[in-house]
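Going by the order they are written in, the chains are A, B, C and D; count residues from 1 in each one.
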Amino acid sequence: MSELRFRQVHLDFHTSEKIPGIGGRFDKSKFQEALKRGHVDSVTLFSKCHHGLSYHPTKVGQMHPHLSFDLMSRQIEACREIDVKCPIYLSAGYDEWAAFAHPEWLACSREGKSFNPTQPGFKALGFDTPYLDYLCEQIIEVVENFDAADGIFLDIVGPRDNFSPIALTKMHGFGIDIFDDAAVSNWKYQVLQNYFARTTVAVKTGDSKRKVFHNSGHILKGAPEINRWNSHLELESLPTGGWGYDHFPMSAKYAATTGFDFLGMTGKFHTTWGEFGGFKRANALRYECAAMLAFGAKCSIGDQLHPNGEMNLDTYALIGAAYAEVETKEAWCRAAVPISDIALFSPEALIGNSFIGRSKYNQAEEGAARMLLELGAQFDVVDGACDFAKYQLVILPDTVTLTGEFLEKIEKYLENGGKLLLSSASGLNSEKTEFALNLGLELVGKSEFVSDYLVPTAASPTSPVRGPFVVHGGAFN
Amino acid sequence: MSELRFRQVHLDFHTSEKIPGIGGRFDKSKFQEALKRGHVDSVTLFSKCHHGLSYHPTKVGQMHPHLSFDLMSRQIEACREIDVKCPIYLSAGYDEWAAFAHPEWLACSREGKSFNPTQPGFKALGFDTPYLDYLCEQIIEVVENFDAADGIFLDIVGPRDNFSPIALTKMHGFGIDIFDDAAVSNWKYQVLQNYFARTTVAVKTGDSKRKVFHNSGHILKGAPEINRWNSHLELESLPTGGWGYDHFPMSAKYAATTGFDFLGMTGKFHTTWGEFGGFKRANALRYECAAMLAFGAKCSIGDQLHPNGEMNLDTYALIGAAYAEVETKEAWCRAAVPISDIALFSPEALIGNSFIGRSKYNQAEEGAARMLLELGAQFDVVDGACDFAKYQLVILPDTVTLTGEFLEKIEKYLENGGKLLLSSASGLNSEKTEFALNLGLELVGKSEFVSDYLVPTAASPTSPVRGPFVVHGGAFN
Amino acid sequence: MSELRFRQVHLDFHTSEKIPGIGGRFDKSKFQEALKRGHVDSVTLFSKCHHGLSYHPTKVGQMHPHLSFDLMSRQIEACREIDVKCPIYLSAGYDEWAAFAHPEWLACSREGKSFNPTQPGFKALGFDTPYLDYLCEQIIEVVENFDAADGIFLDIVGPRDNFSPIALTKMHGFGIDIFDDAAVSNWKYQVLQNYFARTTVAVKTGDSKRKVFHNSGHILKGAPEINRWNSHLELESLPTGGWGYDHFPMSAKYAATTGFDFLGMTGKFHTTWGEFGGFKRANALRYECAAMLAFGAKCSIGDQLHPNGEMNLDTYALIGAAYAEVETKEAWCRAAVPISDIALFSPEALIGNSFIGRSKYNQAEEGAARMLLELGAQFDVVDGACDFAKYQLVILPDTVTLTGEFLEKIEKYLENGGKLLLSSASGLNSEKTEFALNLGLELVGKSEFVSDYLVPTAASPTSPVRGPFVVHGGAFN
Amino acid sequence: MSELRFRQVHLDFHTSEKIPGIGGRFDKSKFQEALKRGHVDSVTLFSKCHHGLSYHPTKVGQMHPHLSFDLMSRQIEACREIDVKCPIYLSAGYDEWAAFAHPEWLACSREGKSFNPTQPGFKALGFDTPYLDYLCEQIIEVVENFDAADGIFLDIVGPRDNFSPIALTKMHGFGIDIFDDAAVSNWKYQVLQNYFARTTVAVKTGDSKRKVFHNSGHILKGAPEINRWNSHLELESLPTGGWGYDHFPMSAKYAATTGFDFLGMTGKFHTTWGEFGGFKRANALRYECAAMLAFGAKCSIGDQLHPNGEMNLDTYALIGAAYAEVETKEAWCRAAVPISDIALFSPEALIGNSFIGRSKYNQAEEGAARMLLELGAQFDVVDGACDFAKYQLVILPDTVTLTGEFLEKIEKYLENGGKLLLSSASGLNSEKTEFALNLGLELVGKSEFVSDYLVPTAASPTSPVRGPFVVHGGAFN
């Protein structure tokens, strides 16, 4: 499988069926000019958007009613002429057209709500309904009839509550008790795995090496059964769009350990996706792209194409400012491998192959990562599959209790001379009653006061405060 | 069109698809024996129940999975042999089978809820969806292929919020602004009229005189555009089932003025519909049937047939105790016409052809009706279409303000020597600022105190209290 | 102690400090005339009302600011001249004047609310504050300086949440943990017993036989430690005022077993207390008074005196209609003792000396009492202190499980030939796992279905239904 | 009046009555040593804390029950010996001891709540109750009997809802309708002005020049009737304690224009007030003190003294690190006057002499201030009393519409050659229908779209984006 390009654009194109003149001002040469101005060498193009509309003729779905030609193919053609790659996007989890044509495919909450009729918002389809067949047929149509040589990007992927009549019938058929939360949770995992299997097979139709990425807005750590369905990873992380500046470093330092080729995805927006006329300052974009390279990632910048198909040259001037720099550096970045002395174990990795309990933010990991970044230390973020032997130090931040195989792995690492840095409850057994490791330490217990105090001794000579200082939340003794 | 029979049973038969052995103990002669024991001469039989299941072979819908023969036809046959009529029931508003087969047909609230997946309850279908076509086809199949000579009973009829994708699309097509409550309300009226037209035409297939009744649980007063779709009226009113003992007299005294042949419908249940093993005391049932005759109605008693198809002989002994008495009296009741001196105008009649704002209870009408009943006065409950000339007295209870044609009608009635009894705000103009009628009365105003006082004068010599007595809620002066 | 009079009036006189001319139209002879017209022989007069204002000069409290003479003494004088008794009323639990003069005495909920500043409503004082001293001084002033020979009536008595600063300090001093519900509940009981002791001693000042009644709106059954503080019982029970027509019979049939002299208290109001200008129909009042006599009670009718002190002659004509009849019958009612064959045990009696968990209504007792009343059976309502030996039948309705001394008492009653009627769970042990009594019955268990069915056998030959009939809520087998 | 010292400590000493051994380890020489180590030249000492307890003998209030000597006087004595000034603190708005001794003095919300009995929290006293007399007597006792030469600091000052019985009676007496929000608001202002007058007069007892500061946690802009009661200003603004790093610069740049001598008050805490054992990093404290000097303020650092009276030497080492630097610079800062070219008008100043509608944060002002700070521009934050003539530029940020005197002032400023910078709705009339100023600009209207677009023209040649860019929230045209 070919390596990812370094200078990508994710060219969103979600256009309502109410908008006239779709693609009316598309001009191949102008399109090419914009890409060139942006120093872009790969652009993700749209087959089907959240509105469920296709931007090319289709026998399966619904072409945009105000599109009169095969826009996607014209865009692909423009790209091929100037050696720009073009992966193809299909919205998997949202599809307004299908929602209206087949309301029975909508996912329905435990309270019986599929969507709010009086509020705007994309509608979520159930992968446990015939929608999945429909989606797979759309994928197959694209890979068989269009030039999808550069792969497929599937969006809005994840487990989803569904208590619709169709889902209830299916759960009933499989003997799932809808009042048994564990059974329902397991069922949702099965539905998701089935989604992955079906859509991935569809993508591979006719080319078993065709790339595919299933986007959930966050790369799960320690979830190989989820990540394995991807050909590579795309780390969606717009610092001003809700992810913050801390998310990308932690995500990239994890991705770099997985063996996947990967890219970092930010946006050209002042705020977040879909913001026409919002521009990030050029220096911010230069910083973000430089950080991507530094963390071992390729670059992708999100943009939204105008419904009339005309590229915004201001945007591509802006992107060009960053990508021109990337272009000069990328030869040295290709196949670069980060060499780290330190492994920061992500508490998120303890969750396993599940979406439940995760969030984009993880305080313990984030606190440790910030300190390491500020120190300029070289570190990887790792999960339990990691080979600790290559690290001089393993950090278990705050909440990593030890048991089973993972405990044995850590013990072996220590026997072989590894060093461990523990904070708060890390290193204790799962009941937090004593240390799981033989560290020469004894757990006296959790302090009985919610705020407790530590007094520095001769063992910590550099502390500027010598008297007691407070430990909020209490301390282990 | 033939007259209604006097001794009817409404034989509910809602049976879940999970119940085995449907009709397994049906025996024609036993069925006939029960009807005879009950002195029953008409029984409403089931084509399709709330579960959406048919009790006969069907090419349109779904026969009950645990029914192996044409139960309905066997029941009809039993009836024909002993000259018992048998109107056919189809559930219009509820249909579980359709809800699961076509979730897109479900009605959906403004909040986006179609049903509660975790609670029991029948699901409401939208008459503004293809469900209406399906329902009409079911009706046509019954009238064309089975013996539906005695008419069709359609249940659970009324306007219904529907903001499902299908309904939103349809409203959008008709230019209905879903945030304009009046427009949505009017739209719901159109949907309902369309339901009436479509289903009524379906019933009449092959026999333009075939009877039909659309049941809403209450006969709307002053709503000719709703009631006109019926061949006759069935006044559902189980005193112990939520309607109370006051509902039937008011409803019957109204029905008697409409020109429709009508029946009163109570139940054999101790409480309400669906109560297997619950029995009303025989004297209660005798009283209720006698009251129906007295108010000019035919009788109908609700029962629920056991899923195995066997009639409960205790029930029919109980029914027989009441119907044997009816049988001896009915010759004198046939074509009887109530002669009343007094017209009690129902405030409900001011609402017009709409379901909104009604309830089974109407305090002003109920208070006046109770007094008249206790006095043993002969009265009709009337709406604005009434010819007041035949009454010596018209009562406008509490809330009947006067305007337009109705005002003119009352003025003419008074000119011709009619007498009017007004209470509270009745007789005022709609702004309640002065009397709409020239009564020699002057409205001074509404009292400024929430509780006000009246002092009896020589004009009311029989009041036992001579000093001031309280008027809660304030008085008009 | 003298016997209660038969024809009493409870003459409410709650008058806001904003009302001018208090007692301005009081006229002794007119006052006497009204009492005579009403055939009244005892009238409860007001020392202090809910507004906290006194109707006589006072050195302790606050005389009504718009009262210029000793109204109460003038009323007493009027009564003495015509041999009408006059117990004296003081509002114990409510006192608006004290609430404003000493906000620190207000009772305060667990949420920190003493009263709603923006809503009308009397304010509740804490008996665990210096208010209790103030109240006792008011009582002593009345009994020492005025003619209180006929006793004292104290109103609005009961336990009360109080988490005010004063109460918190006191609870802290006694080591009460305010988060320990049982401890707080016990503390409230101690506060109430202290109220009873302190106020009762105050009433007895100078006359240890002076009558006193502490009113809570309901006579607690099986609570001797609460009831013992009274000289007699007054059964407040206005059928149209929230108590309903079922409350008085059950309460009276219990009171008759306690050995206390007692009266039934209804009102002359159309609805409830404080309704100026509302009149009950004379027949209703005649019925209620006749019922009181029949149940062994003396009579009391509540009225509210006009602020100007003038009696309403319409009211006393109404009362007279009932009391004239009482007068002709009372000679035969004096010292009459009900002779009952049946003891109906009140489930309320299991609660003990506590207000918690009671209500005016008790479904199990009410159901049994209704049946006995309809049957015309002679019965007493009893508690656990009852000597069952005098009854041929003891009824334990629905919820009376058996344990300890009460069980032994029932066993002894049965050994001596007594008969027991049990329904639902009555007669079981407290865990409801088997019968506590050796009845030749075996408990198979509670039915597994929420609605269960009974089939009549030859042992119940009179049941008109011979097949299964439903038991809602399930049955014990 | 003497100038404020540069190196102050605000020495909190809120100690519960449950804590034993108050001041038990106070040692004059150690206390002096700590102050010297901290380079402190003024320390605010406690007369009465939030618990309502005094730290010296008192005939008015309540000395701490576990304090056995005159701690405050010993602290003053220590200060005098080493020429450290010592203003005296009294808690005005909170007083736990008074709350329990006089619950009737508590302020009570419109919902009837004075405090939550089950939650910790200081209780708020009503300045419209006798508590105000009590507070004034405490102040007078301090200034007459102790060495209060350096002034008084009164804390927790502001308007307060009070609907307690005492407050209701008082409002009723003044004819305030409690349902008239404007009347209640005005009443609260009168109560507050009365508080200011009474307490300020009390402070001046015996020395009309004695300093006083009334602390509300924020210096109100454009509220001369509030601020005039102070001798100087103390700008409480702990960046990590809820105020943030933006609050102090805006507050200081305003204070500098008022003519008051003023100080900035931060804390030595890692988070906020009351954190024993929490230490700010020394560099942070050095930065904050340097910023205070730069903005023309004296410095004050908040600390909390241990209940045993012993100073924490770690803390004073930390403070010393910052104050040693201040000491070397203060000679050059004394009487320094900021010279600014730019006046940033605070929208907060439009509110007037009221607390309502303010918050510590003001987005329009904050946005403008951040830009000016980042540009390194010299600016003052000003209110309507400002003499604009001394500025080359006046900025009216976002929400400053113009009317009346303020409009005339701006017009005159422009006539005299002043320059105005307007953003968003600033400069419009109060109805926002046209420009209040003759600027050669015409208001076309507010855009009809919630997000609107601007296209840069030749007049803004430096904009890197040349095409349309988005204006969130819509734009004025």
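Remarks
FYI, a contact is a pair of C-beta atoms (placed from the backbone, for glycine too) under 8 Å apart; a residue touches a chain by one contact, two chains touch by 3 or more.
Everything numeric here is computed off the predicted structure, so don't read it as measured data.
Of all chains in the assembly, none touches chain A and also chain D. Centroid analysis (C-alpha atoms only) places B farthest from chain D. Averaging C-alpha coordinates per chain places the centre of chain B 46 Å away from that of chain C. Put simply, the C-alpha centre of chain C and that of chain D have 59 angstrom between them.
For the pair chain A and chain C, the distance between C-alpha centroids works out to 70 Å.
Shared contact sites, meaning residues of chain B that touch two or more other chains, are absent. Shown here, the protein chains touch around one cycle, each chain meeting exactly two partners. Screening every pair of chains for touch gives A-B, A-D, B-C, C-D. In the complex of the two chains, the chain A residues touching chain D come out as 270-271, 275-279, 282, 312-314, 317-318, 451, 453, 464-470, 472.
On the chain D side of its complex with chain C, the touching residues are 99-100, 102-104, 106, 108, 110-118, 163-166, 168-169, 178-179.
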